[in-house]
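In the two complexes that follow, chain A is the common piece, with chain B as its partner first and chain C second.
Showing the complex of A and B:
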């Protein structure tokens, strides 16, 4: 048995052990034992994924009695990359959950579901046939659903989120299943090698592509299938949100890549354009909603939609460019999309874990009631800050490298040797650049708001004022997350070269590692070397800092009382900017898209109506797609459901009669 | 000697199977149904033994003994394991009246003959000619399942359905390996035991086993 096969088998064994220990361990030991075993599962997955990413082959063959291709788990390089990403997030989440879980989050059910979820996520990228892919997909979905429902008894919103999540994931599963069914019917086999034989231009491939886009797009939180995101990610326990947003969503991306790169490469041009449209719309809509949200976890959830939109934008651009033989730019765009997925896993899981730390310390996730946590929770603040930089795509973090590379490929991709490659590309690329520019600006605003309102200024509520730093293991996990964000940002070259190996036939022509871990795109002629940038900025900054320090030493600090504070000396926390007021201009600008509902109540003093006693402002931004698209459909289903209730009235005799009549009809039809 | 009797023996056994099935639909008393089920088990075991002797397979004779002990003795005993007095009182009030039910049995038997002859062909062998009986038993079992109100009468329908499947298996392919047969028999026994306990619990909890009244779902 090869190393990869042994790794996969070990993971399955550890998963079974973790489930058993969750069932049998005493409540006081459950979290510790579960956390340690889940960490081991994730570490095994990390090593296995790395092995596959570096080009090792082999796998785990599972013979079955059914008349189809045997189940084979053997990750290729791309699968290895995603195993690596998923298990990396798994390590952070497992370490974190060891000390963060309490109450219903640490229940027996939750700890049984956790290893199931982790192993399921690992197996999806390892699958090499549609049956084991779907099986692993369902294991993953099942595990995450149970984890989400951990707290359903005490909060009604969790139950509602659970229903949305189940419905949407089953919808995704249905589309994926249908997609595989179409391909399998056309190719006569279920293994990916068989499915690859299909001509990408054939009608079966086109139908399957649309089905897969709907299915994987739903998992990857793309508009308009994202409606579960703002409900589910905020309501799940924070470590579960981190695993969902950091890892599970990547499996949706992997699905997209599987279809567009591995199963049906070189599809027609409209595939690329469709993916770019969906991706661009998701990016814009996601970041708009995130920028006006004052709930920290809703903000992070919508920002996930934005990032996945950008990933798919890159994927679509690469497909479009490849169709016009602009291979270097196409490879660069694809590598950028993958790097964005990797870096999103790092920063978004850190952000969700940070949000979890805030909730752990204050019990609040409403930004309007937070503030001043920077001084009280320094490690959390530092980790959240670094991850926010990553999410806002600021240099020396991972997000910047990915967006830089994506922009390079989009800007230079439309032209090859000075000539326009095609009309479609020359229209699509500048539009995509505009989308990314707007997204990047709004993302900066969003994360300045998230970090600034939560960690800076003065506490806006009593729980925020009493916050304490979280336990050491949670700090460790946050620090590891932040370090990975920095490492991905400072050493993009080797990482990009590895990533390029997974998707490109000629990786060195697309991406090379240069200088001190810098990255170069030979086909485009662009170079980025973050460490050199840091060194150069340090060379500029050090003399300035030194002179400031020296001058500060020379003139000792004087404490001065304001002779006349102008009101500033008596400023109360309530006078500060809140998340809502910070985003208010944005709400105004994008009023037509966001359609906020605002309610202002003014109470006058009894004696005079010229004096105001208090003003109460309530603003609610609802998801337009949910209210305009899903509500009518749901209402229709509800009406249909009431009618159907007569047919399915709960009588077992009636159900049995249905199957009997069906059997008779089948018999009569076959004998005709 | 045996060869001359063989077709008649097959005909006799399968005829007994069909007759017991039809009688089960006709009779309403639970005790009578259980006795018919036992008789059917014996007939099935006899059928298997006849096939085994005709084909010279000693394994099939072993299987027939197994069937005799499980379907002829074990299952009926489990079902009737209660004071005879109380079980005699249990009268089924089915959703179909006897005449309609017997008519349905006739139609189902005809249908199964039509289906088997049109789809699979009856073949030349005696067993092949008798194969539609198995399908008819499955369909009649299903009819019992949907027309009986009590859980235990439904259980009998389920066992009839299972007997039908076994009959088809023996008539068309000379049975399944003994290990598989053993496993399936044990499975059925287990299911019946569980359902029996379940019906008992239903009776103590709700005062009856009429499945009609179990419409509402409770947390």
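Showing the complex of A and C:
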């Protein structure tokens, strides 16, 4: 048995052990034992994935009694990359959950579901045939649903989120199943090698493409299938949200890549355009909703939609450019999309874990009631800050490198050797650049708001004022996450070269590592060396810092008890800007898209209507897509359900007569 | 001479020159405005005196303000200094592994934007938050214009490296007056005005709460904190004006290193930046600040120009 096969087997074994220990262990030991075993599962997955990413072959063959091919789990390089990403997030989450879980989050059911979820996620990228793919996919969905429902008894919103999640993930599964069915019918086999034989221009391929886009797009939180995200990710326990957003969503991306790069490469031009449109719309809509949200976890959930939108934008651009033989730019766009997925796993799981730490310390996830946490929770603040920089694509973090590469590929993709490649590309590329630019700008605002309101200034509520730093294991997990964000950003060269190996036939022509971990795109002629940038910043910072140190000795600072506040002597904490007021200008600017509902009630003093006693302002931004697209459909179903209630009213006589009629019809049909 | 050594010398000269020039530029802008408005004005060296005064004061910080109030001004200053190092101002000889790449430069500038916004929030007052919120909204809406206009300028050069763009314009000046370039430059100028908080987006001379953007964020800073915030913002303005002037009038910039060339480069960029500063100041006399919620319309207009420039350069050229 090869190393990969042994790794996969070990994972399954550890998974079974973790399930058993969750069932048998005493409640006091359950979290510790479960956390350690889940960490081991993730570490095994990490090593196995790394092995596959570096080019090792082999796998695990599972014979089954059904009359079809045995299940084969054998990740290729791309699968290995995603195993690595998923299990990397798994390590962070498992370490964190060891000390974060309490109450219903640490129940027996939740700890049974955790290893199932982790193993399921790691098996999907290892699958080499559609049956094992779908099987692993369902294990993953099942595990995550149970984990989400951990706290359903105490909060009604969790139950509602559970229903949305189940419905949307079953819809995704249906589309993916149908997609594989179409391909399998056309090719006569279920293994991926069989499916690859299909001509990408054929009708079967086109139908399957649409089905897959709907299915994987739903899992990857793309608009308009993202409606579960703002309900589910905030309601799930934070370590589960981190695993869902950091890892599970990447499986949706993997599905997209599997279809567009491995199974049906070189599809028609409209595939690329469709993916770019969906990706661009998701990126803009996601970040717009995130920027106006005051709930920290809703903000992070919508920002996930944004990031996945950018990943798909990159994928679509690479497909479009490949169609015009702009291979260097196409490869760079694809590598950028993958890097974005990898870096998103790092920074978003850290952000969700950071949000979990805030909830752990204060019980609040409403930014309007936080503030001043930086001084009270320094480690959480540092980790959240670094991850926010990554999410806002600021240099020396992972997010910046990926976005830089994507933009480089887009602005060089429109031309090939000085000639315009096509009219479509020369409109699509500038539009894509504009979408990315606006997205990046709004992401900046979003994360300045999230970090600045939560961690800076003065506490806006009593729980925030009494917050204490979280336990050491949670701190360790946060620190590891923040370090991975920095490492991916400082050493993009070797990482991008590894990633290029997974998707490009000629990786060294697309991406190379130069200098001290810098990255170069030889086909485009662009270079980025973050470490040199850090050295340069340090050099220019030296005189400034020296002068500050000298000046601080001569003129020490003075602390006063109140901020100046423009001369106001009563600047109370509740007079600070909140997250809602921070986003207010943006709500006004994008009024037409966001459709906020505003309610202003002015109570006058009884004696005079010129004097105001109090003003009450309520603003609510709802998801336009949910209210405009999903509500009508749901209402239709509800009306149908009410009608059907008369048909099935619980009377046993009526049901017997239905069976009788059904039997009659069957007999008549058979006899014809 | 070795390209790396000459790149280092040019970067060093650029930093020194602009640290000297930026307060002077502010002094010139304010003095020109005062003269035209019929006031005596404080003289062109007043910003230098202000900085000296601020550095010699004990900073006052409120209880509850964090390290951000100390580190933010430094971060803004470093980001502006990096702009002076990376942009082709005196010369176009880039560092080998850190070329003056468009996206790198924009994101280096964004570090300063973020630092300033966080300093604004850290004070824990309504003013700071208000300024920070408006500042970030404008910054977010400016970014598409900024990237697309330089994208349009980059197409004739075939690269997003700004020094290569300036060199292309130097060696084939017909590019400068092409319609694409003019459209892109107009868009870029509007974006830079918004980014550096000048009229008509922000009124740098006011302290009225309804109109404040930039000033509101610096209200809680004092002493050296305020000094770095001010110098950092001035440096950013000077460096971006230097970039625009080199895109419009690239002559005088050093492409092959020599002592005489360096001297010409230094003098020419100083003259160009100061002349542009005078033009800016005269232009601002005739402008009123637009309402905050009309700024997006202005920016949407500039975005349309930039987008037109990019697509035109693909379809026409």
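Operating definition for what follows: the second predicted complex is superposed on the first by the 627 of 672 C-alpha atoms of A that agree within 3 Å, B and C clash if a C-alpha of one lies under 4 Å from a C-alpha of the other, contacts with A are read in each partner's own complex, and residues count from 1 in each chain.
The rule we apply is simple: contacts are C-beta pairs under 8 Å (C-beta built on N, C-alpha and C of every residue); 3 or more make two chains touch, one makes a residue touch a chain.
Everything quoted here is computed from the prediction, not taken from an experiment.
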{"item": "Which of chain B and chain C A:548 touches, first, second, both or neither", "value": "second"}
{"item": "Comparing the two partners chain B and chain C, which touches a greater set of residues in chain A", "value": "C"}
{"item": "Contacts of A:434 with chain B and chain C, given as first, second, both or neither", "value": "second"}
{"item": "Partner chain in contact with A:664 - chain B first, chain C second, else both or neither", "value": "first"}
{"item": "Touched partner set for A:584, first chain B, second chain C, both or neither", "value": "second"}
{"item": "Contacts of A:653 with chain B and chain C, given as first, second, both or neither", "value": "first"}
{"item": "Parts of chain C lying in touch with chain A, wherever the complex brings them together", "value": "15, 55-68, 74, 77-78, 81-82, 85, 95, 97-99, 101, 103-104, 107-108, 110-111, 113-114, 117-118, 121-130, 132-134, 136-137, 139-144, 146-148, 151, 154-155, 158-161, 209, 219-220, 223-224, 228, 292-293, 296, 303, 307, 310-311, 314-315"}
{"item": "Complex contact set, residues of chain A against chain B", "value": "649-653, 656-657, 660, 663-664, 667-668, 670-671"}
{"item": "In the complex, chain B residues that touch chain A", "value": "95, 111-112, 114-115, 118-119, 139, 142-143, 145-146, 149, 211-212, 214-217"}
{"item": "Parts of chain A lying in touch with chain C, wherever the complex brings them together", "value": "291, 371-372, 374-375, 392-395, 400, 403-404, 407-408, 411-412, 414-415, 418, 420, 423, 426-427, 430-431, 433-434, 436-438, 440-442, 444-445, 448-449, 451-453, 455-458, 514-515, 518, 525-529, 532-533, 536-537, 540-541, 544-545, 547-548, 551-552, 555-566, 568, 571, 573, 575-578, 581-586, 588-589"}
